[in-house]
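By written order: A, B, C and D. Residues from 1 in each chain.
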Amino acid sequence: MDMTNNFTARVKRSKFLSLLSRFARDPLGLFGLILVVLMVSSAVLANWIIPYDPIALDILHRLEPPSMAHIMGTDQLGRDVFSRVIMGGRIALKVALVSISLALSCGLVLGLIAGYGPPWVDRLMIILFDTIRSFPTIIFALAIVTLVGPSMNTVILVVIITTIPVYGRIVRAQTQSMKNNEFILAERAMGAGMPRILFVHLLPNIIGPLLIIASMDIPAVVTIEAGLSFLGVGIRPPTPSWGSILNDGYSFIRNTPWLIISGGIPLILTTLGFTFLGESLRDIFDPKLRKDI
Amino acid sequence: MNALLQVENILIRFRSKNRIQALLDRDRDPFIDAVCGVSLDIQKGETLALVGESGAGKTTLARSIIGLVTPQEGSIRFQGQELCGLSDRAFKPFHRDIAMMFQDPIGCLSPRLTVRYLITEPFKIHKVRNIDVRAEAKRLLEMVGLSESFADRYPHQLSGGQARRVGVARALALSPKLIVADEPTAGLDVSVQGEVLNLLAKLQDETQVSFLIITHNLSIVRHISDRMAIMYLGRFVEQGETGEIFAHPHHPYTKGLLAANPNPDPDKPKDQIELQGEIPSLMTRPGGCEFHTRCPFVQDLCRIDAPPVTEVESEHWISCHYPL
Amino acid sequence: MTNSIHASVLDIRNLSVEFATNRGRLKALRDVTLTVPNEKIVGLVGESGCGKSTVIFSILNLMAENAVITGGEINFEGRDILKLSSSQLRDLRGDRISMVFQDPMTSLNPVLSIDTQMIDIQFRSSISKAEKRQRAVDMLTHVGIPDAAHRLKSYPHHFSGGMRQRISIAMALLAKPALLLADEPTTALDATLEAQIVHRLRQLQKDLSCSILFVSHHLGLIAEFCDQVVVMYAGEVVEAGDVRDIFHRAGHPYTQALLECDPARIEEKTRNLPTIPGDIPDLVDFPSGCIFENRCSKRFEKCRISPPLRYRISPTHTASCFLLAEGGAI
Amino acid sequence: MWIYLAKRTALAVVIIITAISLLYSMILMVPGDPTAVILGPRSTPEMREALRADMGLDRPAIIQVAGFILNVFQGDMGIDVFTNRPVSQIVFEQLPYTIILIIAGISWALVLGIPLGCYSAIYRNSFIDKLTGVFSVGTIAIPAFVIALYGLLIFAVQLRWLPAIGAGEQGDLWDQIKHLILPAFAIGLGWVGYLARLVRASMLEVLGENHIRTVRAFGLPEKIIIFRYALKLAILPTIALLGVGVGYLLSSSVFAEIVFARPGIGKLIYESVLTRNYPIIMGSVLITTIIFVLCTMLADIVNAFLDPRMRENL
């Protein structure tokens, strides 16, 4: 017993140091990391990267194929597609970060309440969570859009409403499985109050895996944003979005395939990047985390 | 007699089926009694051992003393004050005087906190402010025989024996009057369990703390306890002085348990009794004497009537129709 | 029957096993030598981390993936198991050698009935399904499962831990193996059940005249149940002998200390129980001398420098300690 | 078993009722005249007035919601103002197209995903396993509508192997199948990867369990170990998730139907969103939600039925 413990102690210490070398040994994780770094930095530095104003019209040069002047060509209104793609990435990332962090905080609080609170609160929360989860996401989103009207905030709202139950469920399950652990009973036996148990003892054990799951949800949110914008009910024109670029491309699919290609490739690369990175992070930090959530 | 802890006729029941299920099964009594009608007392500086196999209700009884489980009937008095029915807030001061140690030496420590935080946490919980956390941590670690270098470790970096010592330090932090220890040697090798038991004995000599020790390991009970109680299906079948019970067990179950914990000697006599069968489920308690299904000396009366608790010798109670 | 030719059914010589870990190679077993004679029960005793389970898992090659056998031989009925092909080894499993595992709650398949599982393991036999079922019922009755014919169709979760362990034993003995490996078969059970099952196992061993290699950390059980005892510490065999050699005339300081520590042996009440201070040495970064040197109360100069060999104390009794060297090394 | 069935059905009913109430309360929460939302555009003031009286908008919200739930359970989801036909009728006309698409999508995902997952688990770390790993993560990550678009671009527009739009001629089975291939491919691809990964993970977990070690110790042939002892357990979580899968496929089928201009619920909803025709949207959301809830219920029940521990205990 001593032997194995000594052993894990050393493994832990060296773990931090070997993090980078692990990435190097995991080519997909490294690939993901590079894609994510590219994506994030292009979103941050967008204003310096874009050669044209992404919403400036230039009717004379509409639907031009890629050239030196417009490396991804122009769309049906003559706007530079490359600039729109870069700005679209910025929007996608913004939507993802805002909505996931809000949903995560709400889900965390609600999940803790459900998991640690009295059984009737738990039952109520579970029914609420399960109800929201039982709406097919996109169809439900379309209903909300019809009611509230399309805008970026609607997209964020839709994502928050549909992801809170996911996080809430996870936090609840973790809390429930942990609240009868001996270390929590030991705290209660010492007279520790509910706030201390929740925030000093439960939260630190839940937050790690949750953050990894949340980071793996970024591609899903980017997909929803692009999807709604593709349907024309997401980000309002003329603000660029990968979804609306794809929509433009769809309308002209028979003669200008580059629009679809340049709207789709960054979307695919981003979702792939975040997914590979998330998988890799999960394998490093928490190999036991369930793979099917 | 003014005992430190006095438990009288405690009854703890759990719901065994939810309401709908009970209704469908026409079960008017969808409960199981984990502990039924148990009485005990512990004096200052004394150790009482609670012995029994899994499912006997030992842990439930222990948890009710610390307020984690609420008994349906009976009373638990600590220094004369009633603990049953107290709210969490009203119970809080008693957590200073009654500490509990849990079974799993490593699992009962919050995994993301350092040993220093863990052993000084009782001060934070009970708002003891005028202390130096570092010095206190050092003092407590020394008391349990660990060097100060352990203060910065995390639970998973400790061996079972070390973690158990940290658990003891935590229990000791507020100088309690009673420590309830649930299987203090569980998961420890024989060569290490002695260290932990010696430590508990030393602390008792120094501080006059009382122990309620729960264990299934009879061989340690002989050395660490003054009195012992043997539990079966939520009831005490025998209770008395440890030495007396080891020398003259009167209940067949006690005798069977003793026989199942043999002295490791290949030449010892093999005429001892062997209990048959397994502990019945709490859902289907046998009628009459509840031990009759496994008793090698069962007679007709045992199947019909539950035996009363009788004092066979001074301070030695058993419940058996035909004591050995 | 081949085992009439060989005096011992199992003969392990200098078995070494290593585990690949992040820190390097963990030398879990080093030069383990032990013998299981025909129709005897041999107890393998030691504290956690001593490698006793690794020994029996390596016999059937059921070890974790990061384990490598680096040397030695495992002779079973005269054949070295380590030289067998995987299909030859599979032919031995559950036929000539079978095994009972530690945790009865997880060692049976939860979604298949006992009936299915007990018929499946008789896949080698050409008798009819009804006959297989009858054999299963007979064996279940034999290990003490009441009303076995009716309960055969039940699933594992219908049985208590003790009953499941009886089922596991019944499955293991169904093919009448020459050797039964038992990895702490009663540790997860209550003391009274432990006694029942061990007594039953002893009876079955006599009826089937097989050998048992019984792994346990419970000294009382070993003393009562076994004919011979092998004591392991930190991946090495430190002492081996007849059960009375070990419990009455223990030679190795570790065995002596281990026996002293058992509170069941101490008749007088004491508030100062004996212990073995110190920890098991690191098995990756290895001490050069005797493995027990850092915790031994009788150590001297030589112990630190080189490891002791195995020395003979009596015809039936060996130990690895310089203090016992006068009998000569083996 | 019967108790479990009853409980699970009750839960489904509760969830459906909660879902209806949520949807209806959303209308009431949005600022503006709820009758305008409910009747959709092109409603006249008289119609709104009539509806207001009919719904009793002056009554407490809870009674309104209850009335609405009652209506839905009687199959009444209102009238579409455009065509003056019952909403339920319009939705049920489109439903079969979507259901066929989903069944096609999930079937090919199952047929390919489960064997792939098993193979990966059994031959762990082999080349195929690693390839499957990359493939499944990749297909999960790529949005279904992008797959649909690229499928359209490559196979229909550039290569012209498959038809681009519509559901095919009525009565011409071959034509209909040809029209089904691309959309089913698009919505199922992600699920091939998802199922492969799930089956692989749960298979590996089961293969590491103690009871598998037990049968190995009996020398049972590997084929029996995998197909009888491991697969039965490993498949359980997959079955439980198939219900959830229907929900995801309902979402992706919206895109597939729009991209391939295929009739179906998705297309219906999309057109209604553009015209802000709320009654149709509400009806479609309700019906798809009910389908989803029933599918998860069915999956849970099948799961419970296959697992003897659940079969008796619940």
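Assume a residue touches a chain if its C-beta (ideal position, glycine included) is under 8 Å from a C-beta of that chain, and two chains touch if they have at least 3 such contacts.
The model shown is predicted, which means the values in this text are computed figures rather than measured ones.
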item: Set of chains adjacent to subunit B and to subunit D; value: A, C
item: A-D or A-B - the one linked by more C-beta pairs in contact; value: A-D
item: Geometric centre distance via CA averages, subunit B-subunit A, whole Å; value: 49
item: Mean-CA-position distance for subunit D and subunit A (Å); value: 22
item: Centre distance in Å when subunit A and subunit C are each reduced to the mean of their C-alpha atoms; value: 52
item: Between subunit B and subunit C, centroid-to-centroid distance (C-alpha), Å; value: 32
item: Junction residues of subunit B - those touching two or more other chains; value: 159, 189
item: Shared interface positions of subunit C, touching two or more other chains; value: 48, 279
item: Junction residues of subunit A - those touching two or more other chains; value: 1-2, 6
item: Residues of subunit D that touch subunit C when the two form their complex; value: 209-211, 213-221, 224, 228-229, 232-233, 236, 306-309, 313
item: Residues of subunit A defined as touching subunit B within the complex; value: 1-2, 5-6, 8-9, 12, 181-193, 196, 200-201, 204-205
item: Interface residues, subunit A side, partner subunit D - complex; value: 28, 127-128, 130-140, 142-148, 219, 223, 226-227, 230-233, 246, 249-250, 253-254, 257, 260-261, 264, 267-268, 271-272, 274-276, 279, 291-292
item: Subunit B - residues contacting subunit C, complex; value: 53-54, 159, 189-195, 197-198, 201, 205, 216-220, 222-224, 242-243, 256-257, 259-268, 270, 274-276, 278-279, 294
item: Contact set on subunit C toward subunit B in their complex; value: 47-48, 160, 162-163, 190-196, 199, 217, 219-224, 243-244, 247-248, 257-259, 261-267, 269-277, 279
